[in-house]
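One chain, chain A, appears in both complexes that follow, with chain B as partner in the first and chain C in the second.
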Partner chain A sequence: MTLTQFLFWTIAALTGLSAIMVVLTQNIVRAAAWLLFTLAGTAGIYFLLGSDFIGATQLIVYVGGTLVLVVFGVMLTAQGPFVNMKAGAGDWAVSLIVGVALYAVLAVSTLLTAWTGEYPEPVDERSSANVIVLGQALTGIREVQPRTVLAAQRGYTRVSYILPFEIVSVHLVVVLVGAAYLARARRRTSRMPEGVGG
Partner chain B sequence: MTPFHFWTTAITIAVVLFVVLHVVAYMILVERKVSAWMQDRLGPNRVGPWGLLQPIVDGAKMFLKEDIIPSHVDKVFYILAPGVAAFTALVALAVVPFGPTDPSQPERYQFVIAPNIDIGILWTFSTGSMAVYGVILGGWSSNNKYSLLGSLRSSAQVISYEIPLGLSVLGVILYAGSLNLERIIDWQVQHGWNALYHPLAFLMFVTAAFAECNRLPFDLPECEQELVGGYHTEYSSIKFGLFFLGEYTHMITTSLLFAVLFCGGWHLPFGLTDGNEWYHTALKLVSILGKTAFFLFFYVWVRWTLPRFRFDQLMGIAWKLLIPLATVNLVVVMVLREYEAPLWALTAASVALFVGATAFAARQTTPPVIRRTGNIHGLPTRV
Partner chain C sequence: MSDPGLSAYLLLGALLFVCGALCMATKRNAIGVLIGVELVLNGANVNFMAFSWFNPTFRVEGQIFALFVIVMAAAEAAIALAIVLNFYNNYTSVDVDIAEQLKG
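Coming up: the complex of A and B.
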């Protein structure tokens, strides 16, 4: 067993364990904290498999994002009826069915893929990461491997992700503005005159 | 790709850990000595000459004190939280150079734990932002209202200040053309220190880093007179020590980053470090560590100079001042880079922006003093 294999199985086991804890725990803050460890473990696996940039993005976006979840969990459920979330038998049945179905899809697609075991060559041989490839792929400068069928039919092989990326970011801005509008504390209509106090 | 030698890396990690742990211990002594000096006191002077053995005694005390776990805490996360705080702070050091590096000669020994990592600065930011989880988990699992308030303050602070922290570095990255810290140093060796070209970005980066480290004037998470001890109220002995370790390691990392990103890393002017002899290597090592030591001293210096901000001022500085200014600064840098303006134009733009922003802020805001009506937040005092 090499060092890489040992690290992979350790991180994978810890990630799986904390993923199970997310489901089993009944306290919302604890669940969010276990989710944090799951996402961080996934980032660790990305790093181990040589996708540095994806790993760091996972840490910043997902692990950093869970923080907000923890904070909301703390603020909304510190006391009150939502501290413990007991799942009923019906919930368990539905989630088991969905979970097993999803697992089946993933397992079948993993087993049916013919893995070649070839890595794409790094662009710069002195660097291990693939930030340049990612950036070029995003803007459509470089040919991207998974060509869409439509593009291949037209003999046009450059796939750009810049438009979907922009649409997603504009969407996110709209959502954020909407959330800020909804969360804004409602002002009283009759405002107190300033400096009433002595 | 830089060849990976297991033993070289293992020894580097061991040496770095050894040095960092001792610097943390002695930083506490420096902090107490400097504060005593600034307040015309003597400071610790009983253990060893000039109190030099004080950190060792303190460390032993941390380990030997009774480790109390209050009965009302959430056990798992209460125990996990100090570990998370220390781990995330230490792991951020992995890509930060602490001595001479040369990306053009990968076969030479590079003074960094993981050399040639392309995502360099991104890694430091991502793990540095995770450090707040130690605070959050610690504060929540303590099951204590003061701790919880401290940790919620901390999360708001860190989320807000991460944005100007990242935005201010982007200009530097645009010019260096890489996130790799060794290449950023290399760019500065060829063109001159970034602090000369991006003074405004440097100022904003330092400010945001102070907030990220929860240092005064931004130490609201543990503000004593309001929150008892903040998030670590319920912690004792070595668990408290681990929180301390995390915080001071964060300071060391950011001090190294100030040196690496803006002050040329190991570079010294007048050709002092141009060469590969052993004395050049020694000089480079002294140079980068000296700069880091200066910034560590700067942390203590500021601590005893500036009073703590109020919470609304803290949020105002991040959202109304630093983020707009950092965005405008980034746009200006992008325009100058696109039209390949000479480097002095960057300095001029930076200074102009600083003057403009100061004038604008002076016209916009009322001075941050409590008005005579006893009115702090624009709210009526008596209803």
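Coming up: the complex of A and C.
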């Protein structure tokens, strides 16, 4: 067993067990804690897959940002009965059957597919997608080898992701302004009627 | 270099996806549902990264898609938590079974 295999199976086992525990635990605070281990393990998988930048982004944005957001949501809303909310036994049985069946379908279709390019060539320094290549691709500077005949007649082609980048940026700004608007502190003027509020 | 092969990574991504879907289905806490969505997005990201590693022509594209998914997940978590807090302000509960005012 090589080092890569050992690292992969260790990290994958940790990630998978944490993900299963997120589903199984009934305490919402513990679910958030297990989610932390799942996200950190996923970052480790990204490091194993040779993209250090995405792994670092996963750690910073997910573990450092999104998870803190979730934990704040838990703290602001977790009072007494809402920390433990159990689903019924029937729900558990049905969801267990559905989950096992769904995973069986996915696993069988994954294992039965003949994936090509199973063992990649070792990447050299220039073609590895480090942060420079990613930045060049986002801004459209990167030149790629043309693969079609039509593109080969024009010479090198450039693939730019600057439009999706702009869309994502504007989307993020709009979403954050909307979130700040929705979650702003304000006095409750009129409570819902008891019949509606349950 | 990466011995486990593409299928191992895809199986891990599928496990994360199924766990997230089950989490969305079984949790009655709205934040639990949000945690399930995060798991599903992570499973998709693992698949993107695995394909980007094992298919050299997809190397940069897979990582860029993964970046977009991460940004989308952050935006989605922010807006969902704002909605959950608003719901909690109105109903003093985060039980998704109570949110049935739009039920036809």
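Basically, the second predicted complex is superposed on the first by the 120 of 198 C-alpha atoms of A that agree within 3 Å, B and C clash if a C-alpha of one lies under 4 Å from a C-alpha of the other, contacts with A are read in each partner's own complex, and residues count from 1 in each chain.
As a convention for this text, a residue touches a chain if its C-beta (ideal position, glycine included) is under 8 Å from a C-beta of that chain, and two chains touch if they have at least 3 such contacts.
Remember, predicted model here, so these are calculated numbers, not experimental data.
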Exercise. Just chain B (first), just chain C (second), both, or neither: which does A:Val70 touch?
Worked result: both
Problem set entry | Residues of chain A touched, compared between chain B and chain C (which is higher) | C
For this session: Using the superposition on chain A described above, determine whether A:Leu59 touches chain B (first), chain C (second), both, or neither.
Result: first
Problem set entry | Partner chain in contact with A:Leu106 - chain B first, chain C second, else both or neither | second
Exercise. If you stack the two complexes on chain A, which partner ends up touching A:Leu36: first (chain B), second (chain C), both, or neither?
Worked result: first
Exercise. Once the shared chain is lined up, is A:Thr2 touching chain B (first), chain C (second), both, or neither of them?
Worked result: second
Problem set entry | Interface residues of chain A shared between complexes with chain B and chain C | 53, 57, 70, 74, 122, 127-129, 192, 196-198
Seminar exercise, completed: Contacts from chain A onto chain C in the complex sit at residues 2, 4-5, 8-9, 12, 15-16, 19-20, 22-23, 28, 31-32, 35, 38-39, 42, 45-46, 48-51, 53-54, 57-58, 61-62, 65-66, 69-70, 72-74, 76-77, 82, 85-87, 91-92, 95, 98-99, 102-103, 106-107, 110-111, 115, 117-123, 127-129, 133-134, 137-138, 142, 147, 161, 164, 168, 171-172, 175-176, 178-180, 182-183, 188, 192, 196-198
Problem set entry | Footprint of chain B on chain A - complex, ascending | 3, 29-30, 33, 36, 40, 52-53, 55-57, 59-60, 63-64, 67-68, 70-71, 74-75, 78, 122, 125-129, 131, 192-198
Seminar exercise, completed: chain C residues touching chain A in their complex are 1-12, 14-23, 25-32, 34-36, 38-39, 42, 45-46, 49-50, 52-57, 59-61, 63-64, 66-68, 70-79, 81-86, 88-95, 98, 101
For this session: Report the residues of chain B in contact with chain A in the complex, numbered from low to high.
Result: 1-2, 6, 74, 76-77, 103, 106, 116-119, 122-123, 125-127, 129-130, 132-133, 136-137, 140, 148, 152, 155, 159, 162, 179-180, 371, 373-375, 378-383
